[in-house]
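Here subunit A shows up in two complexes: once beside subunit B, once beside subunit C.
Up next, the complex of A and B:
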């Protein structure tokens, strides 16, 4: 290195190393998050140079006049509650099973993880095609099994469309939590398990008193990650239904996007974003406090 | 059979456990269910439209037809979208890793005021979902006049990728013994030299894991690209596929060929570098 850097104070060298990452993060992640709060109190169409301060009008409009908002909020919460429980239970079961001495473990792991690395928009396209009312996989199978009465329009019927989209999400996301659980299971002490066995503990007792306690940090992490991932659900819904039919699969993140980028009402879109950010922060902040208190658990 | 002769025996036991056999059967059945969509799209992609409509979904394509791939490539503008994907991914991923590693080194090894604050800010960023605030990101990129440009998409990608990578690398650097850097400090080396000569080389395994993970994430990203890259000439593969899906959705063979061509690069990278995925995910266990 040059003489200049040699004579630079160590702390200054540190700031130089930190600067590029910090700058890009502040400019394109932190600033938009602050800006969205400001935008939510203004009226702006995305084109004009001027935006007008309107106080809480956007929030009032979103909460009282927007016919879609409450449905989208309900769908987001429904989706989140289900997405935290159902795929993770499957992942947990898979991880426990794949942690046993069964043949072909690594190939099985690959199969369950493969959907995770596929673009969500491709997952959406694959499932949309499988749900095709005429030639799709599901209705073809039902026909060939003689269950033609069960045939439905999976994505066109507003009563079941959200379930259909959710099924695709389960297929895609199970492998992710499975890998985290498998990693967590590596930390369960084998000697402890054997000791418990020798002491006469059955399968259930070993699971309940040895495996489960050792997995608590992993379970917390998986829980929080799937919670956050559900709140930002976007690609898969956008690709499969675009929020339809009749807004029955609309989600908050997508509705914020639609209001701003498609209907040109950036104020209302920002208000929805802020509401969703607040919900997200209600999860993130307690989690961060837990993480800083137990740093070794979080790793 | 020698491989199988050890299977189905629980830890510390020599007898085959019938429970494990049942469990294994359940796993295999579920794996078949999981793989079915892939089989279905490959079959459809190899069929002509006639064959799709007149044969069962699971009928083998009797006369495999690769024409769907050729016509989907042209119709879907894959040469443009693949090119854009390559440019964006190949610039964003190494650049992001490099600036993240620099920052992580500074936070872990250089005594600075506020480094705790920066680290907290960084952990916060790992959980900040950009899907929630696409419009303000659009506004910010627009303020720089970068809509429909490569820097316009790369900068926000960097901004939302940096926190996770800094977080992981910080954990790794912090665990590197002090002696390694202090000896070099005493010899008069600057932090820049120590970072480049000592810390970058020792972190290669972690860097490779993050590289693979980030490659797939960047290649697949959709929502941000949807907002920033509005000109079809600038589209990436996921945007191209979305457009293909809405325009030619009844052209089943081509649609499925388009899906396969979109998905294949990430799938190949995954199958080649599997172990890096697990390492990259589980060293930090944050981010999707």
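Up next, the complex of A and C:
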């Protein structure tokens, strides 16, 4: 066998091993993505044999004639901004607490992680019951505490419905980031903490100068994952309110689904999906580029 | 600079006592090395001085003040760790100035102190770099710089050269020794490498299984080891220990050779006869025949492993010995440098 073919072998082996995953990825991820972009420039009801090219009509309609789109965009951005901060701060606090030598620490880790393994649609059902205005847990508790004046229609009041759903999302998502933070905390060098203690650092200074820098890669991962997951928020909102009342909990991903699957306008649905994709890329790509440009800081 | 007094210090983890009442006096400005095999408790003792481990009982005093209950930061010590423990996100200058920054010193003062220490350690061109951009030796110097900048009462070193290659270790050994001579500071240094201990220390503390076996200057330990453990641990290659019996004719060693009782020693009955490899002579009037197993020429010396009466012995010769494994070698065990140990307790006789 020649030298060249020998040196080719590892690369060839790599491609052979990659092929099945690559095929599945191309077929079920890349092709649909490209097809959605194509579809966003077409008019198609999802049933007819042919679709018609309409240029940027779908985008124009979505951006200029669809007030629900703007409401959904606003909700999605708010949801994302809060979902990146609030659940992750709680996760971080829990991880710090459960990284200490507290009694029952393993059981508590399981308890806080449990909601993550429950299907979102089941979480939605659980919380819908708890929010039920007549028989739900929250209003019953308020009544039993003599706080009947505080009773609200958690999912029926358009002013608070989105935040009621958001609370369920926090409950469900906290465990996932907590596990990532816990894994990050395990990798913080004990020797570095000891060195800092000898250098005179108190608890806060150790946290600031040792723990936090060591957690930078974890924080980056948690941030990016939360961002992407929040921008495409769908299932828990769909399961709890379906976008109501009066579109007050409508989200971009859900509105794209509604346009396509319920209103039969696949062109508009695709256009909304593409806009969502562009928003996601606009946020994530600069962040990733910044991260890779500063490998020292990201370490 | 300060003295350190370790008095009857014990350490237990749960019901298991791993340090059994250790006493070590450390004088002002002394370079003391704690040496011993893995698990002997030397690092635990150092960490107790640092305040990173709780003292179960006994007292540790720095400069006459009991520090058992003080936080590490309040003990006025600095520590150099085996893996350097540099803050990865900080530059060399920031690493070195961190303790002063935490102490709230003015920026100009921190800068001056860092530059001074960097000058001593030849780190000036590296001040703006981050630890990831430094070699092992440079990182070690930064770790030392971080300690120097604080101007502490006591420097603690926890196996600082273990992660360096052999050549760099020799260089850094000399640098640390020179640093001690320059600063005149009190240093407590932990190592498992007895060469490091011999070459650097003013005073060596040999530890084994949570006890102090002997405290003394390097040459005291080498020339008059207190027991079999110290005799075999200090010195490389290790001292030959052969079973022997004191008779009217002298000392009968391993049933194959009889040598006269060395001057100044007296013993009776069963003993252990200790002779350093370089005190075994090749040839001589009373030589007995040893079977050569391995010959290792090091350039300046020849190390020969052989068996004598069923016991393995090591011979170090300054001459180049041209001999093949499997052949016979006449060796003489008689020496005025021989050591005698009690066969049962292992104590020096």
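Here, the second predicted complex is superposed on the first by the 264 of 299 C-alpha atoms of A that agree within 3 Å, B and C clash if a C-alpha of one lies under 4 Å from a C-alpha of the other, contacts with A are read in each partner's own complex, and residues count from 1 in each chain.
Here is the rule we go by: a contact is a pair of C-beta atoms (placed from the backbone, for glycine too) under 8 Å apart; a residue touches a chain by one contact, two chains touch by 3 or more.
Quick caveat: nothing in here was measured; it's all calculated off a predicted structure.
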Original post:
Do subunit B and subunit C fit side by side on subunit A after the overlay, or clash?
Top reply: fit
Original post:
Does subunit B (first) or subunit C (second) touch A:197, or do both, or does neither?
Top reply: both
**OP:** Could you look at A:270 and tell me whether it touches subunit B, subunit C, both or neither (first, second, both, neither)?
**Re:** first
**OP:** Classify the contacts of A:47 with the two partner chains as first (subunit B alone), second (subunit C alone), both, or neither.
**Re:** neither
**OP:** Would you sort A:29 into first (subunit B), second (subunit C), both or neither based on which partner it touches?
**Re:** first
Original post:
What is the contact status of A:278 with respect to subunit B (first) and subunit C (second): first, second, both, or neither?
Top reply: neither
Subject >> Greater residue coverage of subunit A in the superposed arrangement, subunit B or subunit C >> reply: B
Original post:
Just how close are subunit B and subunit C at their nearest CA atoms in the overlay, in Å?
Top reply: 5
Original post:
For subunit A, which residues lie in the overlap of the subunit B contacts and the subunit C contacts?
Top reply: 194, 197, 299
**OP:** Write out the stretch or stretches of subunit A touching subunit C in their complex.
**Re:** 189, 191-192, 194-202, 205, 209-210, 213-214, 216, 296-297, 299
Subject >> subunit A partner contacts - residues on subunit B that touch it in the complex >> reply: 3-4, 6-12, 19-20, 23-24, 26-28, 30-31, 34-38, 40-41, 44, 52-53, 56-58, 99-100, 102-103, 105-107, 110-113, 115, 118, 120-125, 127-141, 155-156, 158-160, 162-163, 166, 171, 188-193, 195, 216, 219-223, 226-227, 237-238, 241-242, 245, 249, 252, 255-256, 258-259, 262-263, 266-267, 269-271, 274, 277-278, 281-288
Original post:
Which residues, counting only subunit A, touch subunit B once they are in their complex?
Top reply: 1, 5-6, 8, 10-11, 13-18, 20-22, 24-25, 27-33, 35-36, 39, 46, 94, 97-98, 100-104, 108, 110-115, 117-122, 124-130, 132, 134-137, 140-141, 144, 171, 174, 176, 179-180, 182-183, 190, 193-194, 197, 203, 218, 221, 224-225, 228-229, 231-235, 238-239, 253, 256-257, 260-261, 266, 269-270, 273, 276-277, 280, 284, 287-288, 291-292, 298-299
Original post:
Which positions of subunit C touch subunit A when the two form their complex?
Top reply: 50-52, 71-73, 77-79, 81, 83, 85, 87-90, 98-99, 102-103, 130, 132, 146, 150
